[in-house]
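Across the two complexes that follow, chain A remains constant while its partner is chain B and subsequently chain C.
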Partner chain A sequence: MAARVRALETILTQKGLIDPAAIDAIVDTYETKVGPRNGAKVVARAWTDPGFAGWLAKDATAAIASLGFTGRQGEHMQATFNTDETHNLVVCTLCSCYPWSVLGLPPVWYKAPPYRSRAVIDPRGVLAEFGLNLPANKKIRVWDSTAELRYLVVPQRPAGTEGWSEERLADLVTRDSMIGTGFALDPGRGSVAA
Partner chain B sequence: MSRSEAEGTSGVPTDLDAPVFAEPWQAQAFALTLALHERGLFSWSEWADALSAEVKKPDAATDGSDYYERWVAALESLLALKSVALTPEVDAVAAAWERAAYATPHGKPILLENDPLSP
Partner chain C sequence: MNGPHDLGGQMGLGPVAPEQDEPIFHAAWEKRALGLTLCAGAMGAWNIDESRHARENRHPVDYLSSSYYEIWIKGLERLLTRHGFVSARDLGAGRAMDGAAQPKRVLQAGDVPAVLARGGPCDRPVPTPPRFKAGDRIVTRNFSPSGHTRLPRYARDKRGVVEAVREGFVFPDTNAHGGGENPQWVYTVVFDGREIWGDDADPTLTVSIDAWESYLEPV
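Entry: the complex of A and B
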């Protein structure tokens, strides 16, 4: 497989379609610079700034771009807010569409067939496997991503975080909590540097 | 819910700290796709369709472990469709890279010129 990819790179370079230096720059960006911390900043801002939360709910693409995170594929973003009544879960049944600009690259399980098929058929069962046992009366909404529209789950702000700074709050926001397969960390037990 | 309690117990594994690319070629394939899209060679919907067609083939791994093999196959199919690189050409250059790798002494950078059959 390595030889095939090298072959593609050779052919595309010879045809002037790519610049090898630009390829290295993209790899570097996605390996080291883009990751779920971007999304955590978006969530923490929404938790502390009701105006931003409202903007995020209405036009997530613009609200997220205002923090400097823009998609490279021109995709639109939609934020889905968890509430006491509803839990949101994101999947891409088609392939692996994912909000790269805010979450980096998807975890292996997100791209795997079991999650892609079962998240739609049996979301409650899938969530239980992630350790999330939701009460029977809590509604689960499953959002199926596309090439044009990607979703970001805004988890509920944990209790006991009144008066916390945005930075400290962002440490409680995990990648999984923004896909919907987790909650934000409990401030009492999350073993993070505060 | 603490992080440790959120570990998956079966079926759907969690991998909070796993590297995003298992091998360098996966990162290269990923970056090639992004660069070509940014150049306007294909739309992201075209890409999603190509990738989707590959990952739902019946011989695809059920655990997604061949995801980047599928990615490369999708990229090749799209490049063939756009007449940018046809399969025989990719086969030939890939074979040249393999011969070059074989002919290169250990520890030296592999160069296409090291292919003993190169003109």
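Entry: the complex of A and C
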């Protein structure tokens, strides 16, 4: 595949159809600028600012843009909040739709057949493979990203973080907790917490 | 199409196997594959729906045994060939042998930040009011189109409830095939797990899809 991709880049470059430096710039964007730290800042703001949380619930695209996160695969955002009653899980069964502007590029497992096939029929089994065991009575809502809306899960704020700054809180927000395959980190134990 | 990409509910595909400390790319060629796909898309010859269909419309053995960036490259070769940018002779030789169609634009490195930050919004005005409102009970249509659609098989002919009226969005089923954007209202529709999977389904499960208006009928 490496040779095949190299050949394609050579052909397109020779024909003047692409600028190879633009490829470098795209890669640099997703390696160093756009990633789950963006989403973590959104979540930490929502945890500390009820007004922002309300805005995020009503108009996630605008609320997220106010923090500077816009663009490709984040043009139409929806936020969904985990509660004591309901756990949210995001999938794209048909391809790999994912909120790039807040989470960066999706991990391999998110794009691969096992997750895409099972998240909608066996979410508890999937979550167990991530080390998450939900109480039997907890409701699970799976969001299949079949259109152009992109979903950001807002995990529950861990106990024991009262008075924490946004910056400190953001460090507890993992990528997986914003997909729904994880919880925010527990400040006390350094492991997952409900 | 009832293709290999339509994976919801399929079985036997194994564990999810999340990778600890996963790198953003697993090989140098994956970086080029991502960049090539975005640069080629920026030429403006096709839309995201056509490119999704170019990726999903593969033999199941090929689709399921290819990594995601491999699928992207195979889809990209198809799109470039279809639109006259690359020929079979070019691909065979690994260098430019034939001429190319004229692109609408060539993405330059300096424009990348602005282009990525702008993205490609797909919302469009719809001249008619929404047919459904939050709380309406609906049934999804039962169809098996040979072309592109975003109504998964598992969610066809299923009863659910409209949770939210979203915006008007470009209709992929026509837009993927040169049939125009034909924007429609999109709704978030929620199904009980048992409606989709039967009596053995997780009783705590609900599943939602985002459905274009023509996927839905009132109950």
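Methods note: the second predicted complex is superposed on the first by the 182 of 194 C-alpha atoms of A that agree within 3 Å, B and C clash if a C-alpha of one lies under 4 Å from a C-alpha of the other, contacts with A are read in each partner's own complex, and residues count from 1 in each chain.
Rule of thumb we're sticking to: a residue touches a chain if its C-beta (ideal position, glycine included) is under 8 Å from a C-beta of that chain, and two chains touch if they have at least 3 such contacts.
All figures in this text were calculated on a predicted structure; none of them were measured in a lab.
Enquirer: Should the pairing of chain B and chain C on chain A count as a clash or a fit in the superposition?
Expert: Here the two partners, once superposed via chain A, clash with each other.
Enquirer: Quick check for you: in the superposed arrangement, does A:120 touch first (chain B), second (chain C), both or neither?
Expert: The answer is second: A:120 touches chain C but not chain B.
Enquirer: Between chain B and chain C, whom does A:174 touch in the aligned arrangement: first, second, both, or neither?
Expert: First partner only.
Enquirer: Using the touch definition from the top, say if A:39 reaches chain B (first), chain C (second), both or neither.
Expert: Neither partner.
Enquirer: Is A:144 touching the first partner chain B, the second partner chain C, both, or neither of them?
Expert: Second partner only, chain C.
Enquirer: A:99 in the overlay: touching chain B, chain C, both, or neither? Say first, second, both or neither.
Expert: neither
Enquirer: In the superposed arrangement, which partner chain does A:72 touch: chain B (first), chain C (second), both, or neither?
Expert: In the superposition, A:72 touches chain B and chain C alike.
Enquirer: Who does A:132 touch here: chain B (first), chain C (second), both, or neither?
Expert: Only chain B; A:132 stays clear of chain C.
Enquirer: Given the touch rule stated above, what does A:21 touch, chain B (first), chain C (second), both, or neither?
Expert: Second partner only.
Enquirer: Have a look and say if chain B or chain C is in touch with more residues of chain A.
Expert: C
Enquirer: Just chain B (first), just chain C (second), both, or neither: which does A:183 touch?
Expert: In the superposed model, A:183 contacts chain B only, not chain C.
Enquirer: Based on the A-chain superposition described above, do chain B and chain C contact any of the same residues on chain A, and if so which?
Expert: Common interface on chain A, chain B vs chain C: 1-12, 15, 17-19, 22-24, 26-27, 30-31, 72-75, 94-96, 104-105, 107-109, 111-115, 118, 126, 129-130, 146-148, 176, 181.
Enquirer: Can you tell me which positions in chain C touch chain A when the two form their complex?
Expert: Touch list, chain C to chain A: 5-11, 13-19, 22, 24-29, 31-36, 38-40, 43, 52, 55-56, 64, 67-70, 73, 76-77, 80, 85-86, 90-91, 94-96, 99-100, 103, 106-109, 111-113, 116-123, 150-152, 154-155, 166-167, 169-170, 186, 188, 190, 196-197, 201-202, 204-212.
Enquirer: Per the contact definition, I'd like the list of chain B residues that touch chain A in the complex.
Expert: Those in contact with chain A are residues 1-3, 5-16, 18, 20-21, 23-25, 27-32, 34-39, 41, 43-45, 47-48, 51-52, 55, 60, 62-65, 67-69, 72, 75-76, 79, 84-85, 89-90, 93-98, 101, 112.
Enquirer: Which of the residues in chain A come into contact with chain B in the complex?
Expert: Counting only chain A, the residues touching chain B are 1-12, 15, 17-19, 22-24, 26-27, 30-31, 72-75, 94-97, 104-105, 107-109, 111-115, 118, 126, 129-132, 146-148, 174-176, 181-183, 185-186, 189-191.
Enquirer: Looking at the complex, which residues from chain A come into contact with chain C?
Expert: 1-12, 14-19, 21-27, 29-31, 34-35, 70-76, 93-96, 101, 104-105, 107-109, 111-118, 120-124, 126, 129-130, 136-149, 176, 181
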